[in-house]
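The first chain written gets the first letter, and so on, giving A, B, C and D; residue counts start at 1 in each chain.
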Amino acid sequence: MSASARAASVHSLWTAAPAADKIPAPHIEYAQLSPVLIVFGVAAVGVLVEAFVPRRSRYTAQVGLAVVGLAAAFAALIALAEKGYGTTKAHIAAMGAVAVDGPALFLQGTILLVALVAVFTFAERRLDPMAHGRHVDSFAAQGSAVPGGDQERAAVRAGFTTTEVFPLLMFAVGGMLIFPAANDLLTLFVALEVFSLPLYILCALARRNRLMSQEAAVKYFLLGAFSSAFLLFGIALLYGYAGTVSYSGIASVIDGTAKTTPALASSTQNDALLLIGLAMVTVGLLFKVGAVPFHMWTPDVYQGAPTPVTGFMAAATKVAAFGALLRLLYVVLPGMRWDWRPVMWGVAIVTMVIGAVIAVTQTDVKRLLAYSSIAHAGFILAGVIATDRNGVSSVLFYLAAYSFVTLGAFAVVTLVRDAGGEATHLSRWAGLGRRSPLVAAVFAVFLLAFAGIPLTSGFAGKFAVFQAAAQGGAMPLVIVGVISSAIAAFFYIRVIVLMFFSEPKADGPSVAVPSPLTSTAIAVGVAVTLVLGLAPQYFLDLADKAGVFVR
Amino acid sequence: MNPANYLYLAALLFTIGAAGVLIRRNAIVVFMCVELMLNACNLAFVTFSRMHGNLDGQVIAFFTMVVAAAEVVVGLAIIVSIFRSRHSASVDDANLMKL
Amino acid sequence: METLIGLLVAAPLLGAGVLLTGGRRLNRYGHLLGTLLALVSFVLGLVLFANMLGKSADDRTLTSHLFTWVPVESFQAQVGFQLDQLSMTFVLLITGVGSLIHIYSIGYMEHDENRRKFFGFLNLFLAAMLLLVLADNYFLLYAGWEGVGLASYLLIGFWQHKPSAATAAKKAFLVNRVGDIGLSVAIMLMFTTFGSFAFADVLPAAKGADATQHATLTGIGFMLLLAACGKSAQVPLQSWLGDAMEGPTPVSALIHAATMVTAGVYLITRSGAIFNVAPDAQTAVVTVGTVTLLFGAIVGCAKDDIKKALAGSTMSQIGYMIMAAGLGPIGYVFAIMHLVTHGFFKAGLFLGAGSVMHGMNDEVDMRRYGGLRKYMPITFVTFGLGYLAIIGFPGLSGYFSKDKIIEAAFAKGGTEGWILGGCAMLGAAITAFYMTRVMLMTFFGEKRWERDAEGHEPHPHESPASMTIPMIVLAFGSVFAGALFSLNSRFVHWLEPVTGHSEGDSPLSTGAVTAGTLVVLLLGVALAWLMYGRRPVPAVAPRGSLLTRAARRDLLQDDFNHVVLVRGGEHLTRSLVYLDHSLVDGVVNGTAASVGGLSGRLRKLQNGYVRSYAVSMLGGTAVVVAATLLMRAV
Amino acid sequence: MADSSFPILTVTAVLPAVGAVATAAVPAARKAAAKYTALLFSLGTLVLALVTLVRFDPNGARYQFTENHVWVKNFGLHYDLGVDGIGAVMVALTALLIPFVMLAGWHDADPLEDRTGPNRRWRPTQGFFALILMVEAMVVLSFEATDVFLFYIFFEAMLIPMYFLIGGFGDRAHAAGEDEAARQRSYAAVKFLLYNLAGGLIMLAAVIGLYAATAKQLGTGTFALQDILNARASGKFDLATSTERWLFLGFFFAFAVKAPLWPLHTWLPNAMGESTAPVAVLITAVVDKVGTFAMLRFCLQLFPDASKWATPVILVLAVISIIYGALLAVGQRDIKRLIAYASVSHFGFIILGIFAMTSQGQSGATLYMVNHGISTAALMLVAGFLISRRGSRLIADFGGVQKVAPLLAGTFLVGGLATLSLPGLAPFVSEFLVLVGTFSRYPALGIVATLGIVLAALYVLVLYQRTMTGPVKAGVEGMSDLKARELVVVAPLIALLLFLGVYPKPVADIVNPSVQHTLSDVNKTDPKPALEAKK
């Protein structure tokens, strides 16, 4: 290309008008994006409900809306999958912004189901003691009111409830649906923000311990923003390297298959852009995943946030974030494998070990689960590293299994309460097995699943990822993983000991009898745990079929 | 002049922002530093778009601004609420949960 | 006929089973049942004996195969019996003396609440002992071997409420176990060498073994000797026999004098074919025998407890037998012959001792006896005959058997022969001494007993008929058995087909040996009379010479065991228990603890400050970036 | 070879599982009903197990009553069941012991606290018996599994019910008081779980490694024992030496923890000491056998070369276990811990026999598993009766029991004599076989191991002497003799000990062919007797 032509193209930047006709009208495959669109639509309607529906009936409306919306979205998703968009007809939709392929559909399905169950826990109103003759849920009467201030008291008396949580949840879900499907870095970034911002707010809305809840929100928000800044800067660098933000584009540049422009020729000169960009984008995702050393927000936020929110966050965020990470690493950077794999090795090992080790001395159930989620992130990373179809499907399976166990576990946590709300300090759980064997048994099942004891979904998942890693030649990683799960087993077992083998305290917490909502949530958790543990074949096949990314 | 210089500036801004996040105590200021980092990204985007001679970078810059705006809304809401309950916007006072 | 062999063992076994599981309802006539079954097997024995005499000397062996015990590939352990002249001898001795002891016990144990159990154990012992001598392979023999050990354990500790008895029983079993190692290792060696452990395979093979096997055979020999030492209380495993006297006297008579303790002699004689080709092993056997015969004799001199004194003598007499057995073909027959005669007179002596104790409120200290001949004449006579027999008074059974052994010892030839013969002679002298001592202290002199702790004075009296009759019978045995056997060396011809026999050429004529023996015998008696007959025996033992004091303590052997084995063992186990806790367990717990500690330290990083979290994120990013760049660089 | 139409193995395993559920479902108040339900199911299982044993044809196919289904294709996990002689015998042993365990523990789990308080929903009795049945089901399955992964699953899963049994139900009376008892109990339970879990997870790594290896060489990863063996026979599957060794170590470690082999034994004394006697029997007589059994079935069959490579070390460790365990047993002050260390010693014998790689050794080891199961059960259960009477586990608290409770003392003695392997009682046969099997290949080790029989006599007799003989100690006077129920527990066990001691042939005949198979897997043959060797 001659210098004059170059000058011309540069010139064209300054005079944007003639370029206008160069921008084609975007063409969107609405049908294929229907799940996402439905969710966002419902979210928007939810806002309107807040605006126009009288307070009395808001709760019902919102819950119904959310449930219906999610169900519809899931139905639409199934329809897509049935049409074969997961396998044969997988392709890039919306001008290359969103991928509709196996992993995307699988993860979106998982997220939708998780969200559906989460809605039940959000809607639970039987656990907290009635305030002024009204059932109340676990969210602040009025988020803006000062904790313990007159305004709050007034709000409670007036029976305010923060039904906004449902639209917020829906927005978050929408973002999460796009996140793993995002096929260019911009969409990735936007989706990230779209599901992060509602979560920040949700964290702040606990009815009890509002100070902690707000603190959690601040921490989560600041660190989240911080990390997204890194992500964005990484994106910028990658863009600088490849001149495009679309995954396929960058991939082709990396492979050197893209048609070279002089700009490219110069920018691809120094891999620093690529490498640093890659690193920073990965960091952004690892933050959401909660991998060491980007995990430090996890315990505090998990502890402070309203438990239903924690459950949802712990489950869905991980799914979405790992989905995005997988796509990034498998679609954009397969050519860079030899650069990022070692780093990921390091991160995975540190994550597994640190997560397990720190959890050993935790004294708060929610923090304990937070650290266990960190350790699990490590296990999943081991699967990610396998970098073959096997790895993808194993991670997909693990995510599905893990998310339901987590949701269930946190749902159980909401049940154990005393005067001060949920009794999350471990010492309060002593002898729970004597007082209410059923609840304790259920929680024990979840713990065993976390510990990866055979016949639970946790074991199936763990075996899947480790086996994938081993076949990917990461045997050392498997051994570290095995050792750290031995350490992890210790603290899960400790909780069981506490629940069953120690005498209950006289003033011990009581187990609230939940409404069918939470019961369903827990029941679903148990069911999935056992089914995926005993007969995982069908879901493995599913994950296996869904194991191919479209480029 | 060489567009690379803009990149250096962007990097510099980003670093300043990051440093600010680590150093400043006031939540608002911390948040502003984050915004600064985002703006650094914008600068980088624009510069690159100039270098590559395509519009994507500039478009992204707009997106970023919108997102940043949204973040401000949420962030300020949270920070204000915690300020009202604690009468302090110092991030170091928000230290109930640890270990 | 063959089936009778099985019944021979089955009868007492049945008795044991019934009596031990039958429960209290059998208490009234349990002892009679036990005695009856003992007699049954004795009768069976006689029948078989008669049948055996009916046959020519060479095909007298009866075998009967019952069933396969342990079949694993080449390891085929059978339960089968082999009844030849050797086993026949034992069968008669065991069942005969056994029956007598049963009868005796009816009286002796009259007042014991657990008499039924006692007879159950006695029957169990008979069964095991018969199994031992009738087995046609070493593995089954091993079963009998341990069986008698068990019976002995149960009977020594029969009065379990006495700690001393319980301890003695445990000691006996343990020491025997040490010996059992020998037997089991011997069996393993046989299996790995000959691929079998049946007499029918091993013994001929041993005969035909070539020089390369001799090392192994010597090994087997030594192991068998070890076993024999354990069971027959030979040095160095003799320490248990003295304590075993804690058991009821009939037990001492039957098990620890007449039968079980002679099992070692049986084992060695039975394995003659092996020893014949393993001279080193033989030398070891002879040495052990000689040492023990002196050892036991010396101990016997020092004991004031009548039973312990007799125990010492038993030790020494068995020493004779072992020595004889060690001499090889020239000795086997006489070993067995002495074994039988000894069975008679030593059993008689023990029953006599039992009768004395019975009359003296179970007083065992001879220094508290004296002049008892007036009070219990029958006991005195029978005991006296036994005494004459054991010291080898010419014409009585002991004389024939012991002199033969002494002759054989000389016949070994060379300096060896002289040494052995000399020791044997010396042994005879000491025997005469200590037996005379026992005799004098018990039955002569003036009475030395007085009120015991409870304050009632013993009224020595003759024992009931059920006790005296067996003593009389045994007395007959101890008088005539020897002569009966030796007439035109009947016994030699009887056993020869099994053990083989060869007349060594003795440097001394039979007459010379007899004369010599008589001389030393008289010396011994005279010395004893000087010390205990002429002047009164002090009621409390004088301090005595160093040797005496050592001998009282079994020549310090127990002290040695105590210091080295018991104390050492205790220290070992205690330190191991400590190690197990602190080291083996400690390592694991330590790891756990360190993980906990690490966890505690890492927790501190989670200090709750957003900004420090941000730092870690930034640091992490830096590391990741650097690492990525580095990966490319390298 | 039975017709494969009726899945008897599955039923044998499922029946107790169903029983567990049924027992757990019995309402809190009706604890007697729960007990009988459980007992009934365990008896049913026993019947099935015996049927299997009887219909097993020693000279038939290696694995019989086989069932093959794919469970999880992607994991190469098959639901493959099948028993060889060894498996059949072990299943029978398990099914045999469970009813006795239940009867012995009939009152161990009767709730103390009132049913009105906050704990009214707590149903220890139901739990106790349900858990026992659960353990039985999983143990049986792991004896029947012919798929490595399937085995692993139950090998691991059985830890959980076992863990609850140890931690949840301790001795009623405890020297150190209730709280301390609870503390020690949960320590023991956790220790048990962590040791075994750690072992299991190491094994998991090896299992995964095996999968990766098969996947690489056979195209599709598989865990089916038969497939792997066939593949190796046909040369399609051949592990690199180093790989095989690593995998072997992974497997062996888990089994050695379970067995337990010195120095991985320290969990056993705690577990057996703190748990009730029946549970202790469950641990040592049933669950631990899975470890030694697995060495025979998996270590030797999957990794023959590595097994031979590791043999010397393992043998030495086994001998150390024998002597060390015995010496520590001598040094114990606590009856149960003493028996536990005795078991360590006995497991040493079993492992010694397995790795001596001779017919006598391995047949002996298998018989040893059975006999040790029965004899320890007898000894431990009687000890349990003794302890429950006096309310103490300390040897020092007993003395002169034979005077007040002769029957108890007698049965205890018989159990003890069995433990010191007296001829005529079952353990003698197996122990001698192990010794002779070892001796014929490693004379030195054989002789050292033989010292174990003296030490065994020592700890048994010392125990008997201190507890049963001598003057009657304070606290023992009132002691009652064995009750009918207890007699029902002990008598059959003793009878069995006698029978198998005198006539072990039937069992041996079932076991021998399978042992031959195993030996041919590692292609070892018995050493010839010196004389024949010369000819």
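The rule is short, and it goes like this: a residue touches a chain if its C-beta (ideal position, glycine included) is under 8 Å from a C-beta of that chain, and two chains touch if they have at least 3 such contacts.
Predicted model, so just to flag it, every value in this text is computed and none were measured.
**Student:** Touching both chain A and chain C, which chains are there?
**Tutor:** Common neighbours, chain A/chain C: B, D.
**Student:** Comparing the two chain pairs, does A-D have more C-beta contacts than A-B, or is it the other way round?
**Tutor:** A-B
**Student:** Which chain maximises the distance between its CA centroid and that of chain C?
**Tutor:** Greatest centre separation from chain C goes to chain B.
**Student:** In terms of CA centres, which chain lies closest to the overall middle?
**Tutor:** Chain nearest the overall C-alpha centroid, as shown: D.
**Student:** CA centre of chain A versus CA centre of chain B: separation in Å?
**Tutor:** From the centre of chain A to the centre of chain B is 24 Å.
**Student:** Could you put a whole-Å number on the gap between the CA centroids of chain A and chain D?
**Tutor:** The separation of the two C-alpha centroids amounts to 45 Å.
**Student:** List the centre-to-centre spacing of chain B and chain D in whole Å, with centres computed as mean CA coordinates.
**Tutor:** 65
**Student:** Need the CA-centroid distance for the pair chain B / chain C, whole Å please.
**Tutor:** 97
**Student:** Quick check: what residues of chain C touch more than one other chain, meaning two or more?
**Tutor:** 592, 603, 606, 608, 610, 614
**Student:** Going by the touch rule set out above, which residues of chain D reach two or more other chains?
**Tutor:** In chain D, 194 touch at least two other chains.
**Student:** What are the residue numbers in chain A that touch two or more other chains?
**Tutor:** 218-219, 222, 226, 299-300, 490, in rising order.
**Student:** Dump the list of chain pairs that touch, please.
**Tutor:** Pairs of chains that touch one another: A-B, A-C, A-D, B-C, C-D.
**Student:** Using the touch definition up top, name the residues of chain C that touch chain A in the complex.
**Tutor:** Listed in rising order, the residues are 592, 595-596, 598-600, 602-603, 605-606, 608, 610, 612-614, 616-617, 619-621, 623-625, 627-629, 631-632.
**Student:** Spell out the part of chain C that touches chain B in their complex, as residue ranges.
**Tutor:** Per the touch definition, chain C meets chain B at residues 603-604, 606-611, 614-615, 618.
**Student:** Which residues of chain D touch chain C in the complex?
**Tutor:** 194-195, 262-263, 265-266, 324, 327-328, 330-332, 359-360, 363-364, 400, 402-403, 417, 422-424, 428-429, 432-433, 435-436, 439-440, 443, 446-447, 450-451, 453-454, 457-458, 461-462, 465, 468-472, 502-505, 508-509, 512, 516, 526-532, 534
**Student:** For the complex, which residues does chain B have touching chain C?
**Tutor:** Residue positions touching the partner: 18, 21-23, 25, 30, 91-92, 94-99.
**Student:** Which residues of chain B touch chain A in the complex?
**Tutor:** Per the stated touch rule, the residues are 7, 10, 14, 17-18, 21, 27, 30-31, 34, 37-38, 40-41, 44-45, 47-57, 59-60, 63-64, 67, 70-71, 74-75, 77-79, 81-82, 84-86, 91, 94-98.
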